[in-house]
Each structure stands twice: as C-alpha cells, then as structure tokens.
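You will see chain A twice below: alongside chain B first, and alongside chain C after that.
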Partner chain A sequence: MPEVFIDGKRYEFEGKPKLLQFILDQGLEVPFFCYHPSMSIPANCRQCMVKVGTPIADKDTGEYELDENGERKIRWFPKFQTSCSTTVSDGMVVHTQESSEEVARAQKDTLEFILINHPLDCPICDQAGECPLQIQTYKYGPEGSRFEVKKVHKPKRVQLGERVTLDAERCINCTRCVRFTEEISETNQLTIVSRGDKNYPMTAPGEEFDDPYSMNTVDICPVGALTSTDFRFKARVWEMNQTPSIDITNGKGCNVDLWTRDNLVLRITPRQNEDVNDYWMPDEGRDAYQQFNENRVSRPSIKLDGDNQSNTSWNNAIETFAEVLEAHEADNLAVIGSPHASVEENYAFNKFFNLLGAANAKFTPHVIPGYGDDFLITDDQAPNANGCRLINLDESEADGIKAAIQNAEVVIILSDDLIGRDVFSAEDLDDKYIISLATNQTPTVEASDLVIPITCIAEHAASYINVDGRIQRSYPAKETKYTNRRLNLEMSEGRLDRYGTNFDNWVSEENKVDCLPVWEFLNHLGDRLGLAYQQDHSRTIFAELSNQFPALEEITYERMDEEQGVQLPIEQQEVTQA
Partner chain B sequence: MAEDWRSYEPLLIPDIPNLHEIDVYEENGGYQALRNILDNREGKWTRNNVTNEVKAANIRGRGGAGFNAGLKWSFMPDPDDRPRYLACNGDESEPGTFKDRNIFEFNPHLFIEGALIAAYAMTIDTIYVYIRGEYIDWVNIFEEAVEEAYEKGYLGNDILGSGIDIDLHTTYGAGAYICGEETGMLESLEGKRGYPRIKPPFPAQKGLWGNPTTINNIETLANVPLVINNGAEWYQSIGAEGHNGPVLYGISGHVNKPGVYEYPAGMPVMDLINEVAGGIRGGKDLKALIPGGTSTPVLRADQLEGVSMDSNSLREAGSMMGTAGMVVMDEDTDMVDLLWRISHFFHHESCGQCTPCREGTGWLEKVLLKIKNGDGEIKDLDMLLDLTTQMEGRTICALADAAAWPVRHTINRFRDEFEARCKKSVHAVA
Partner chain C sequence: MAEQDYSFTQEELDEIERLKAKFPTDKAATLRVLWVAQEKYGHVEPEVQQLVAETLDISPAHVHGVATFYTQYYKEEMGKFVLDVCTCLSCQLCGGYEILHHLEDELGIKAGETTEDGMFSIQSVECLGACGYAPMLQVTNGVYANNLTKEKVDKLIENLRNGNMPEFESMVMRQNEKRKKAVSE
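Take a look at the complex of A and B:
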C-alpha cells in the first residue's frame, strides 16, 4: 500500500487523494478557507500551505536513494505547496505547521494578509462564534497587526437577494459562493467583480440573487460576508442549542440542524449527509422554522356556537372526543392520516382507530407535479408519504378522500391541511363533525369542531421515510408545556446548558406550546374509552413497528443515529397527484 | 559578439518600407519558410523535425520567462480527438515593455508565418492572438494583415494546397495586466475573469477549454521563420552564449532617443544606453536601469559595468532579462517615487485571487505612499522587506513575485535614499 509521512508519522493511502482532504480525514488539521470538499479547488486563499517533498528514486532501479544515515533522500518542493491542490504520492513527506516552524510562519503570514483589510468587527458580526476566520486566527494567526495604513472600503449591507445580505469588507475572496452557484446550484448568479483588494462577489447588474439554494452560500462563507437577511442580528451562535432534524418541507428529507433559543427555533441549517443532501438544502426548508414558533395551535379548542372556536381544557377536549366516538359507529368515521406526520404518529393514530373497529386510515400524498428540480427540491411536498405507505395506510387520490368524508358522520384528520391544499373544501364538511389533530392554524383547523394541538417535528423524536425510501429521524429541539429540557435525555445540550447559570437560559413560558404528542393524547383518550391502548414513547412505538413490518426489521433509532438514516428495501413508487 | 553589433542588420523588423503589406513581405522572401516546410513535409520538415530545429535553436521565450520555445512545443501530447490550440500572447502590458507593438505594425506577417509554422509543428488548426486592448489601433493593423494572409491562402482551408487547415482569430483584452499571464490569458480567451490557473495541469495538458494548448509570445514566434530559413546553427551564432537571436530592445526613460531597437541578444547595456539610445537626456549621469520591464529588479549604474543584455549576465548582475523593456533613469530620479509608482501598478493590476498578492500589493503601495509623503519610519522599510518574503513564491502566478522583487531590490539598492525620506527616530540614538 502506498504510504505518506505527515509530521513524521506514516499513513497509508489509496487512490489519489488530495493532501488537505487526506490530512483532515486522519483527524489532523491544516487551516484553510477556500477549499470545500464538494466543490472545485481554486487554491486561492493560500492558507493551507505545507512543506512537501518526495523521495529521490533511482531512474533505472526505482529504488529510493539513501543518505549516509540510511534515510531516504528527499527532494523538497522549492516553494510551499497548497495542500488542498497537492495530490498525495507514494513516499511523500509532508511537514505541516505542527512540525515546521517555517510552515507555521507562512500560515501566519497569510492570515496577517487576510486580516489587514478585514474589518475585525467580530463583536457585531453574526458569524462570530462559528467563523473559520475567527477560529483559525486564534489558532494560527499573528498576535497583532503591523498594518497601520488605511483599510480598503467596500460596499456594506448589500441586499444581494431576498435572503442574502453582503458585507463586502468582510469578504476574503475565497470564491466559495461563486463556485457554489456555478457548480452546485448551477444558476451562475454570482461572480467576483472588480480587481485586487477591491474585489467582492456580486450578481450581474440589475439581477437579483434569487437562487432557490441561495442561503447555502451563507453557510459556506468562511467569514461574515454573506449573512442571512432573516437571521441577521437575531442570536449569537453560542446562545443556541443545535439539534439534528429533518427538513419536512419536501420529500427529500434533507438532514438539518434546528437552532433553538428560549424554545424558539431561530434558524435551520443543513447537516452533512452525503447520501441525501451533502452539505446543502433548499432555502424553502430554512423558512420552515417559522412554522415551529408561529401560528401554532396551543391548547385544545372547540366549536360551541356556530363557527366560533374557543379554547377549552384538555379534560373537556378528551371528554368531547370520547363522547363523539361513543355516539357514532366506527363505520361512520372517516380517519385520515398524513404524509406530513411521522411514521410513529400515523401508526399510533391508525392503531387507535383500528382498535375502535375502523378500517385503516386513508391518506393522500401531497404532490405538485413539476415543482421539483433534479436536486433537493421534490414534487412531493410532504416528508413521509413513503412512511404512510409502509405502514399500510389506505392511499387515495383526492376523490377517494372526498368520497370517504361524504359517507362519514365524523371526520378525524391528522396534521394535514386538506382544505388548504384543495383536497376538499370547507363546504364538503358541512353537517360533519370534524376533529383535527394539528400543529398549526390552517383552514382545515379553522373548519374543525374540535382541535387537538399536537407536537411538531421540533418537539418530538420521530421518523420519516423520504422519497428515496430512506428512514431518518428527528429529535426534540424545544420544550412544550409538559416537557423539560433537563429531564428529557433526547434533547441536545447547548453551551449555556453546560456552562451557563440559571440566568443564562431563557425560560419564557409563552414560547412553550400547550400540546401533546399524538400518542400521549390518544393514551388519555383510550383511558377514557376503556381501550387497551398504551403507547409510552416514540421509541417504543418504533420498536413495535419494527416487529410488525418486515421492511423495518432490525432498524432502530440507534441505527438511524449511527448511520445518519437507513435506506429501506422498499420499491420506488410513482408519485400520484393529490 | 560584443563589438560587431554596429554592423548588425535587423532581421525581425528589417528596414524595408511597407513590409507590413503582404506583397512587399513576399517580395522579400516572406512565407518562404512556410512554403518550404509545406513542400517538404514528408522529407526534411516533418512536424517533429520542425520542433526539433526550433528546440535546437533555443529561442528563449521573449515574454519574460526566457523558456526554450521548441522545448515548450515538445510538451504537447500526441494528437488525439481533442482540439489543440496555439495561443499567441500579445498582451504586453508591463510598464517599459512595448516591443510586440512594433511587430504588429511593421512586420505582422513574420509573426503570422511563425505562428503558422508552430501550428504545423504541433498539429494545431486554431490560432488565437490575444492583443492588449489599449493597442486597438494595432489590432486593426494586424487584422488587415490577417485578412491579406487569408486572401493569399496562407490561412484558412487547404493552405497553399497542402490540405492543411489553420485558422487564426484575433481577440483583445480589456486592460488587465494579469490577462498577459499565460493562464490568465486562457481564462480571458474563454470569456472569463482573468484569474491565472493552478499548474499543474500545464496548458499543454489542459489549456483552452481543457484542451492541449501552447502559449507563445509574439516576438518569440516571429523568430521561428528565421530559424527555419537559416537553420538552428545560424541562429545560435547570433547573440550571447545561451541566449541567442535578435532581440527587440524597448528603451524608455531618460534617454535622448527612446524607442524599440533590434539588436542581437547580449548587447552591452552601456552601448544600448549611450550609443543606440543616444545617451542620457541633458547630458546627465545614469543612475539606475530596470532591464526588462518593471518587475525585473532595478540595477544601480555602478552595477552595470560590463553587463550585457542576456539572461546569464543579468542574473550575475542581480537582475533579469524579462522582456528587454529597459527603463533608463538619470541622476535626478526619485527612487522612492519610482518604487511607489511601480507598486501602484502592481496593486492596481493584482487580480485578487490569491491572498498574499491581493493584500500584499496594496499594503506595499500604501506604506510606500506614506514614505513618499515623508510620513514613513525606518521600521517601515524593514517591514516592507519582510512583506516581500511573505509574498514571494506563495501565489498561483508570478504577479506577487513581480510586485515583491522591485520593492526588495529598490530598497536594498537605494536604502540611503529611502531612509532619508523617513522620519527621524524620536529617540536619541547613541
């Protein structure tokens, strides 16, 4: 196996890896800015310079020449090499900043240059705390600056598009954003304008940066030059908790992180998963954070007189629900599951009504033909149509759902705005008793006689099966009225949880939604009805699912965590129009 | 050669009226080298033989790097199904360099003939000529010559009945020095920002649009027909050891007769200044010389004794041949002013791709401006020298080197002058 020596240690390698990536893969470090593993290598920041040599081999025999000590003779490259663009070769000897003073000095020199025209406004910069320039300057940079002349001034607060704001003075010209629009989103909307120390990224004159993936440039910007217009100045990185989750705005299930503070989700960023979304996600998925905070259904509500809903107690909601169920035959119930809800929610929901004697819940996929692209946006608008299929919910087209409610006296809808997406209209529900289990206020919820608030993906652990048949799961990221961050072991711990005082964490009660996971609510309802129904937790529900459905055999939350989701052996289905 | 330069007859731009017209060029033996090659392409002048002859002549690249042109040609991979290109670099834009302009104006067909021979030798059917945008008048002149060559069948399909097709496209820049860097020029030719490329891969492997490409300077290619007509041995007999052939010396600055003069390589520097260019203006003393464009290190008058204009002699003296664009400075020259102006140029022209160049060129200029304005301190000089080592050899292309060298060498060679401009130390010095 070919070998390479990095800082005196021997490593074996295969193929033709690039030196920087190889070093990073070994868990070692060399500072860099412009390199990105999913894009072309421009080697323009010049930060990852290392000293590289190759052994001198005899031309005829191929044997390495040895010096008087029996060590291989090394021919050093006359200049430092950018490790990002250097291909590792057999016998190569590399000195990084760890073992070479000159390399450390060269890297410091480059950082000094990068910083001379950088505004050094970290205290008011959104990137601070997660800024490669800040981090690497502390680690590898000079202690002060010898720059005593005037910095270059460039445009600030430029609205490149609806979502992205540019501060050109902070830009270090790594061209990651430009390469992103060239190579990943392929819109070619950004380019570098002007020359030398005056250059910065910009759109063509009069053009807006409306790339549907524009905010990925904010993520990959190694400084605070490109910031999210929406998230700007809202929160410090170290004040937030970062919780892994799944994008629920379409069928791809991009892996994301939810960033929460004081039980509000403040932003959503992509989480790397090379089998799903690599480092990227569509802008639409990021906007979804608002639906976790705003317009939520909190406390049950009930329609007492005419069209006016009013809040009611959980006891009254359970009692009312139970009385409605007792007053109607199971045949007269229309039970509708949801591709917008998780596998566990649909299963718990369906199982409950099965116990009452109802047939399997119906569901209708939420698909807009032609909406998707060939990248991360899908025609499917829901995260879990395949999950509904897998647990044998009754898939119907819109007409099937319509027919089902026409023949029913009671319609029970799980988390799906069927009116809003035109499956049926509010008039179709006249004379029916409508019960919605919902996360957010929607036309469907408004048309309901009884509304049960349930947890959203940011508040529970649950799994979703994407359009490609990959099962992935969420974690609770924010508390509800009935959960507690410190008691819930599934919740992530932020810096302030770990190191802060009681006063550092926000605890506004108003940010906690008064809702329950579907299964917990159904436990209460089951108790009232005397049903043998008990579902403790999504984890135990999933264990039950895994026993029941062969496709989920040997799949556990632990495995999904370790493998970043698991590809299921299920057949691709043609998406049908809702 | 030393003394016989006075009897030298120009070869690249001979003193023949209207030589830029194709008829006149033909009457004076023009396109004979090409005809000769095409007629004997099964015999003496196979593609390989042409390359080998040019390689043996050792035409040192006239764009500044001085690399053997024929050797460069031999780096082209064997033809495959990919297109192959010859890109001719006429973007000369370094201050002090203005020689290719004279070829476009006075002997464009010699260059076209050379480019055609190069294209033949490397099995290339497309030639691009990239001319600096400021030369728009010369672009027009050159394009007329190209048109004539097409009309006469030297360009286009089935050249002189040989069955060989070669096209030549002229294009011009928009004023960026960096587009004269060979890979920056390729980017510009492709219609992109003139960002130099990382090497490897070298243009011969992946050049224009990813295809095998050779890049030659205009003057370099103009030497090719001479080699073919007279042989490598003859060519080797002109000029200095290791640096042969005729050279267009572009002499500017404080001389009585600035201009482009053609003489053999290896001309005694003092002869060029005092005799060819008519001596220093106003009878002043020579103070300094930039021998080959502003990126080449400046030499003090006392360093010029016995120095000749060839790469070996200039290297020994502590500079470089570059493009032979000589900037002559008399005793009144303010070296601080000069260096600031040079640094201003490189700051203005840095493409901004690599950190050390983008930031370093600006820093150098700003500190030099401070010194020029009398606000500098002695420590600034040492810092400038430090910055030059932080820039040199740390970037994709050589612009950072080109910006760093003049600063290093001008300060080192005229340190007194720089110190005199700096503020006196506020501390008493023992």
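Take a look at the complex of A and C:
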C-alpha cells in the first residue's frame, strides 16, 4: 500500500487524495480558508502551505536512492505547497506547522497579509465564535501587524439579496460563495468584482441574490463577510445550544441543527450528511424556526359559545375528549393522520383509535407538483409521507378525506392544516365535532371545537421517513412547560443553561409552550377511558414499531444516530397529488 | 434621454462567432467580446455588460466580474482621452503619485473623474508592464507616455488638446542602450 510521511509519522493511503483532505481525515490540522470538500479547489488563500518532498528514485530500477545514513534521499519542492491542491504520492514526505518552524512562520505571515485590510471587528461581528479566520488567527497568526497604514475601505451592510448581507471589508476573497453559486446551486449569481485589495463578491448590476439556496454562502463564508439578514445581531454563537434535527419543510429531510437560546429557536443550519444534503439546505427550511416559536398552540382550548375558542385546563380537555368519544360509535369517527407528523406520532395516534375500534387513520400527502428542483427542494411539502405509508395508514386523495368527513360525526385531525392546504373547507366541517391535535395556529385549528396542543419537532425525539425512504430522527431542542433540560439527557445544554439559574435575567418561562407529546396526551385520555394504552417514550414506541413492521426491523434510535439515518428497504413510491 | 437599445449588428455577431471559435468555452471569450462591445460603444456600462452576457449566454455576474477587474474596460462613459497613470510599485517609487497629483491639479479633477468638457478622464491604474520606464501613463488604452516628468505631462496635455496623439516611443533599457547603438550603426 502506498505510504506518506506526515510530521515524521507514516500513514497509508488509497487512491489519489489531496494532501489537506488527507491530513484532516487523520484528525490532524492544517489551517485553511478557501478549500471546501464539496467544491473545486482554487488554492487562492495560500493559508494551507506545507513543506513537501518526494523520494528520489532510480529511473530504471525504481529503487529509492539512499543517503550515507541509509535514509531515503528527499527532493524537496523548491517552494512550500498549498496542501489543498497537492495530490499525495507514494513516499511523499510532508512537514506541517507541527514539525517545521519555517512552515509555521509561512502560515503566520500569510495570516498577517490576509489581515492587512481586515477590520478586526470581532466584538461586533456575528461570525465571532465560529469564525475560521478568528480561530486560526488565534492559533497560527501573528500577535500584531507590521502594517500601520490606513486600511482599505469597502462597502458595508450591502443587501446582496433578501436574505444575505455583505460586509465587504471582512471578506478575504476566498471565492467560496462564488463557487457555491457556480458549482452547487448553479445560479451563477455571484462574482468577485474589482481587483487587488479592492475586490469583494457582488452580483451583476441590478441583480438580486435571490438564489433559493443563498444562505449556504453564509455558512461557508470563513469570515463574517456574509451574514444572515434575519439572524444578524440576534445572538452570539456561544450563548446558544445546538441540537441535531431534520428539516420538516419538505420531503427531503435535510439534516439540520436547531440553535436555541432560552427555548427559542433562533436559527437553523445544515448538518452535513453525504447521503442526503451534503453541507447544504434550502433557504426555506431555515425559515421554519419561526413556526417553532411563534403562533404556537399553547394550552388546550375549547369552543363553548359560537365560534370563540377559549383556553381550558388539560383535565377539562381530557374529559371533553373522552365524553365525545363515549357519545359516538367508532364508525362515526373520521381519524386523520398526517405526513407532517412523525412516524411515532402517527403510530401512537392510529393505535389509540384502533383500540377504540376505528379503522386505520387516513392521510393525504401534501404535494405541490412542479414545486421541487432536482436538488434539495421537493414537490412533497411534508417530511413524512413515506412514514405514514410504512405504518399502513390509509392513503387517500383529497376527495377521499372529504368523503370520510362527510360520513362522520366527529373528526379528529393530527397536526395537519387540511383547510389551509385546501383539502377541504371550513364549511365541510359544519355540524361535525372537530378535534385538532396541533402544534400551530392554522385555519384548521381555528375551525376546531377542541384543540389539543402537541409538541413540534423541536420539542420531541421522533423519526421521519424522507422521499427517498431514509429514516432519520430529531431530538428535543426546546423545553415545554413539562420538560426540563437538566433532567432530560437527550436535550443539549448550552453555556447559559449549564451555568445559569432560573433567576438569571436571560431565562424566562414565556418561551416554553404548554403542550404534550401526542402519546403522552393519549395516555391520559386512555386512562380516563379505561383503555389498555400506555406509551412511555417515543423510543419505546419505536421499539414496538420495529417489532411490528419488517421494514423497520433492527432499526433503532442508536443506529439512526450512528449512521446519520438509515436507508429503508422500501420502494420509492410515486407521490400522488393531494 | 431616451433609453438606448444595445445590440450587436450581424457583422459584429459574425466577428463574435469567430472569436468564440478560438476558445474552448464561450465563457473564455468574455474578454474579447467585451472588447468588441467597448470598441462599439466606447464603454461597457451595465447594459453593455448585459448584452455581452446574453450574446455569450453566460452569467451577467461573470461578465461584471471580468469588466470590473480591468481598468482597461470603461464601466462608464469616459472622456475623449483616458489617462491611465500607473501607481503600481515601480512607478510609485519613481514618482507615479506625483505625476497623478500633478495631472489632477492641472485638469481640476480627481482620479476616477472626467473633465466637464468631456476631454480627459484620469484613472490610477496598476502595473502596465512598463516598469523600466517608470513613471508612465497610457492614453486611452493606446500609446504609452514614458519616463514622465511634470513638464512632459504638461506637454502631453497640450498636444492632446490640439488633437495630437503622442507618437509611439520605442524604449530601451539603459543597460541595453549600448547594444542598441551598435545594432543601429
């Protein structure tokens, strides 16, 4: 097997890796800015320089020439090489900053150059705390600068598009953003304008940076030049905690991180998953944070007089729900599951009404034909249509749902704005008793007689099956009124959580929604009805599912965590129009 | 002012086809086609950049990037004579900025501006590859005026005002002067 010596240590390699990537793959480090594993390699930042040599081999025999000590003779490249663009070759000898003072010095000087015109405004910069330039300057940079001349000024606060704001002075012209629009989103909307110390990225005159993936440039910008217009100045990175989750705004299930502070989701960023979304996600998915915070259904509510809902207690909600169920035959219930809810929620929901004697819940996919692209935006607007199919919910078109409602006296809807998405209208619900188990205020919730607030993806651990049949899961990121970050080992703790107390002024109760996971609510309802129904945790629900459905055999939360989701052996179904 | 309609004639389009054929990709022909456009309009304002992008079927952002990289492309209408004063390293060390400032004073405009009569524009530009005869300037992407002094600049302006373009000056490095003499004798 071919070998390479890095800082005196031998490594074997296969194929033709690039040196920088190979070094990173070994868990070692060389500072860099412009390189990105999913894009072309321009080698323009010059930060990743290392000393490289190759052994001298006899042309005829191919044998390595040895020196008087019996060591291989090395022919060093006359200048340091950018490791990002150097292909590793057999016998190559590499010295990084770890074993060569010269290399360390070169990297330090490069940083001094890069920083000549950089404003060094980290204290007011959003990128601070997650900024490669800041981190690498601390680690490898000079302590000061020999450049005492006035810095070059460039445009600031430029609204490149609706969602991305540019501070050109912070830009180090790595061209990552430009390459992103050329190679990944293929809108070609960005370019570097001007020349020398005056250059920065820009759109063509009069053009707006309205790329549906524009905010990925904010993530990959190695400095604070590109910032999210929406998130700017909202929170420092180190104040937030980061929880892995799934994008629920379409069927792709992009892997994401939810960033929370004081139980508000403040931003959503993509989490790398080679098999799903690589490093990217659509801008739309990032807006979902608002629906986790705002317009939530909190505390049960009930219609008492006319069309006005008012809040009520959980006990009263359970009692009302139970009385309605007791007053009607199972045949007269229309039970509607949801592609917008998780596998576990749909299962727990369906099982409950099965126990009462109802047929399998119906659901209708939420598809807008032609909405998707061939990348990460799908026609399917819901994260879990395949999950509903897998647990054998009864898939129908809009008409089927309408018919089911017409024949029913009580309609029970799980987390799906069927009125909002025109499956039926509020009039279709006249003289029916409507119960919604919902996360957010919607026209459907408004038309309901009883509303049970349930947890959203940001508040529970649950799994979703994407359009390609991959099952992936979420973690609770936000506390509800009834959960506690310190007690729930699945919740992440940020610095403010760990070191703060309830008496600190950055902690408030307001952002905790008064809601329960569907299964927990159904436990209470089951108790009241005397049903043999008990679901403790989504994890145990999933274990039950996995026993019951062959496609989920041997699949566990642990496996989903370790393998970043698991591809299921299910046929890709033609998605039907809603 | 009525909005101008920018388009290439069939003849120009044929020329562009010939240019495209010289390059592996159409994108690579950007420089040349921008040039065709500038010859025609005297500038490559955004509308002209757009025309080039459409003609080559490439992104307007790319054309914009190329056009702004080179001072030789005029991103706005310029004076009749564009004086590109080199202020890059060699020229700077030999007094490039003094020449620039002298010009600015003489013409009453700053670098990047055009005189009111539309006669002169001044730009401060990067190395024009004539470091050996620094300081120097170039007139409207054409002849170089080398080894400048204030007097030489004054003379140049006067000549240009009278419609006399400076002659092309054949320059020889000092160390080669002897050889030149020998060759010409």
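What we mean here is this: the second predicted complex is superposed on the first by the 566 of 578 C-alpha atoms of A that agree within 3 Å, B and C clash if a C-alpha of one lies under 4 Å from a C-alpha of the other, contacts with A are read in each partner's own complex, and residues count from 1 in each chain.
The rule is simple: a contact is a pair of C-beta atoms (placed from the backbone, for glycine too) under 8 Å apart; a residue touches a chain by one contact, two chains touch by 3 or more.
Nothing here was measured: the structure is a model prediction, and the numbers come from that model.
When both complexes are superposed on chain A, chain B and chain C end up clashing with one another.
Residue contacts after overlaying the shared chain place A:281 against neither chain B nor chain C. In the superposition on chain A, no contact is made by A:452 with either chain B or chain C.
Once chain A of one complex is fitted onto chain A of the other, the partner contacts of A:206 are limited to chain C, with no touch recorded for chain B. Once the two complexes are overlaid on the shared chain, A:317 sits clear of chain B and of chain C alike. Once the two complexes are laid over each other on the shared chain, residue contacts for A:265 go to neither chain B nor chain C.
By the touch criterion stated above, A:423 is placed in contact with neither chain B nor chain C. Counted by residues of chain A touched, the larger count belongs to B, out of chain B and chain C. In the superposition on chain A, A:438 contacts neither chain B nor chain C. Look at A:85: by the touch rule set out above, it reaches chain B but stays clear of chain C.
Of the two partner chains placed around the shared chain by superposition, chain C is the only one that A:190 touches, whereas chain B remains out of contact. For the contact definition in use here, the residues of chain A common to its chain B contact set and its chain C contact set are 191-192, 194-196, 199. Residues of chain A touching chain C in their complex: 181, 188-196, 199, 202-207. For chain C in complex with chain A, the touching residues are 46, 49-50, 53, 58-65, 68-70, 126. Within the complex, the chain A residues that touch chain B are 41-47, 49, 78-80, 82, 85, 106, 109-110, 112-114, 116-117, 146-147, 149-150, 152, 172-173, 175, 191-192, 194-199.
Interface of chain B with chain A (complex): residues 176, 178, 193, 195, 198, 347-363, 366-367, 370, 383, 390, 393-396.
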